[in-house]
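Structure first, then comments.
Chain lettering (A, B, C, D, E and F) follows the sequence in which the chains are written, and residue indices restart at 1 in each chain.
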Amino acid sequence: MKFAILVNEGPYQHQASDSAYQFATAALESGHEVSRVFFYHDGVNNGSRLTTPPQDDRHIQKRWSALAADKNVDLVLCVAACQRRGMVDDGERDRNKKDATNIAEGFRISGLGQLIEAGIEADRLITFGD
Amino acid sequence: MKFAILVNEGPYQHQASDSAYQFATAALESGHEVSRVFFYHDGVNNGSRLTTPPQDDRHIQKRWSALAADKNVDLVLCVAACQRRGMVDDGERDRNKKDATNIAEGFRISGLGQLIEAGIEADRLITFGD
Amino acid sequence: MATLNIVNKSPFEKRSLDQCLARINEGDALLLIEDATVVAASGTAYTEQLTSAGKSGALYVLQPDLEARGFADKPLVDGFNAVDYKGFVALAAEYDRVHSWL
Amino acid sequence: MATLNIVNKSPFEKRSLDQCLARINEGDALLLIEDATVVAASGTAYTEQLTSAGKSGALYVLQPDLEARGFADKPLVDGFNAVDYKGFVALAAEYDRVHSWL
Amino acid sequence: MEEEYSGGVEKKFLYVNRRVPHGTVYALESLETVLIGAAFDQDVSMLFIDDGVYQLKKEQNPDSIDFKNFAKAFRALEMYDVEKLFVEQESLSERGLTESDLLVDVEVISREQTKALIDQQDVVLSF
Amino acid sequence: MEEEYSGGVEKKFLYVNRRVPHGTVYALESLETVLIGAAFDQDVSMLFIDDGVYQLKKEQNPDSIDFKNFAKAFRALEMYDVEKLFVEQESLSERGLTESDLLVDVEVISREQTKALIDQQDVVLSF
């Protein structure tokens, strides 16, 4: 079965991103496909490479990036949400004349259409939020 | 009277930062002092210079930075919360070996002690959150 | 000594208003801001409870938040006073402490 | 056609569990995750309501979240089944749609 | 002319709105999703229950807090062929509201009809 | 030897904890504030009401969700001279909990005592 996942909250503040990650890995281990994780609202903050969580704590961004690298999961950050919250890749940096980027490997910024498309193409769409 | 303000949520997702800003400006207009605004939890995300909100919307970060420049309000981001969420100044960049910074003008990163100190020194501490 | 109690969520969504009202002291004030302002307008399932709370302490609602949600035209629950942000500041200064029920 | 309904907040904090239960269909399932798991442990003010909900639909609780909050040792409300994340995935696959009551 | 996506698959999408507007951004960003989603030519319904009914309240004036007034955009939904807006009667009553308080034409349904509506969907989106 | 800050001003600080742990970070970050704040030699009390009583539940094992087990740190509070921990009886009862479910020694107080406690404070911090 093909799952798509929607994450609406940022890392550490709410459990949403953790729950979504655990669900995604369990789905993959169960032999299912996870076609896309769409990060909306504060969820886009999961894609920052600038976090330094305490050493004895989980590293939420790195965990997601590893899922993209190892399992080919498509990690998409909503562009409008990124603009409101300061998540920037090379394209956004140039377009909005910013002087830095902060997006981590394995994440890409794209439109809300990617969420609708995931809802159409996946067998199930599961939302994690506050 | 001397007010200190605590902001626990990031920009745009919750009204907390807006309410805190309106309170701060009203306090200043009423002839009071606003000694410090302490940003904790997701509140630290208010200090990112990388946001590009829609042109017809308020610019939350710039509003805060202007308050620091024009009214000398001390804007402090909690260092532990910054590390979990990827808010970085020059010092944090060097210390945690990051390749970019994203802090905006008028904000500084410091410890939780600044919150306690604000609670001790101000006549009132007001919290805005979710 | 009295407290300015602040509630910012609709009581239909979160229980913070109920939980605040259960611990409010005689002579305290209650200020509704943000999403909580919707129940300052009369006619909701909370009107009676708020009217009764108004008998032991002062009730305030933040007018800009009420207006934002389209309730400038509705009568307020008996006992409520509308304040702007400067009024909010004055209340925070008047009471001995501020307690935000988040 | 049946729905897997997910609730993630304690009903003492938010009304989402009440609001979900008011619209749950015969044959639907309810899965408690995150902070909502605390009421899957028997003995709270919600035990009766959940027991009665279990008569028209299946009740599940996410064991890792229950354990995190220190309730692995407490008996569950009658009718609840504990699942791990793989069990959660299996439920999402089994039911026709997933509805998160956020 | 509507864009035809994903090989003609048509799914029933339900957007469930349950929050007061302005205190959180969810109401605004839900509406943005619906507007973008309209291009995908799916079978879209919007459901307003619990505090979500406040999103449709007339006379919203968020200028007072320096916010955008996105409520107007609900009136534009028709142009995007999003025509199925449902509001639950029980949610209105509990809040002392009636249909005449709402800024757009909607279908007022009972709680039982709410349950039936959810039961027909392929995808339920709730923020 | 305690550090003496801000010219000997001593204020009464109350930390009000009202949330289930782990679902949000507030419980952890509240505790961090108390531990840092201990150096300031103020008159500190911690109050656990509503869902906050769950923060003190024994047998928490957040390893199961890959979270840090910070509940142990409540046991360290004494070493920081934070000794006034209050738990409301009514909040425990509603949740089917008793004092024996809690991982540290606390003073169990009534709702009326909760009200009186709040009324004595200079600063109330609630996340």
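Rule of thumb we're sticking to: a contact is a pair of C-beta atoms (placed from the backbone, for glycine too) under 8 Å apart; a residue touches a chain by one contact, two chains touch by 3 or more.
Note that this is a predicted model, so its numbers are computed, not measured.
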Contacts common to chain A and chain D (chain labels): E, F
Of B-F and D-E, whichever chain pair has more C-beta contact pairs: B-F
From chain A, the most remote chain by mean C-alpha position: C
Most distant chain from chain B, judged by the mean position of its C-alpha atoms: D
Centroid distance [mean C-alpha coordinates] between chain F and chain E, Å: 41
Between chain E and chain C, distance of the C-alpha-averaged centres to the nearest whole Å: 28
Separation of mean Cα positions, chain E and chain A [Å, integer]: 25
Residues of chain B engaged with two or more neighbouring chains: 8, 12-13, 15, 22, 41, 54, 80, 84, 125, 127, 129-130
Shared interface positions of chain F, touching two or more other chains: 18, 22-25, 50, 65, 67, 123, 126-127
For chain D, residues contacting two or more additional chains: 8, 12-13, 15, 34-35, 64, 97-98, 100, 102
Set of all touching chain pairs, with the criterion as stated earlier: A-B, A-D, A-E, A-F, B-C, B-E, B-F, C-D, C-E, C-F, D-E, D-F
Residues of chain F touching chain D in the complex: 18-24, 50-51, 54, 57-62, 64-65, 67, 71, 94-96
Contact set on chain C toward chain F in their complex: 1-3, 15, 19, 22-25, 96-102
Contact footprint of chain B on chain A as seen in their complex: 10-13, 41-42, 45, 48-54, 61, 80, 83-88, 92, 96, 98, 100-102, 130
Chain A contact footprint on chain D (complex, rising order): 6, 8, 33-35, 64, 84-86, 88-90, 92-93, 97-98, 100, 102
Contacting residues of chain E [partner chain B, same complex]: 22-25, 65-68
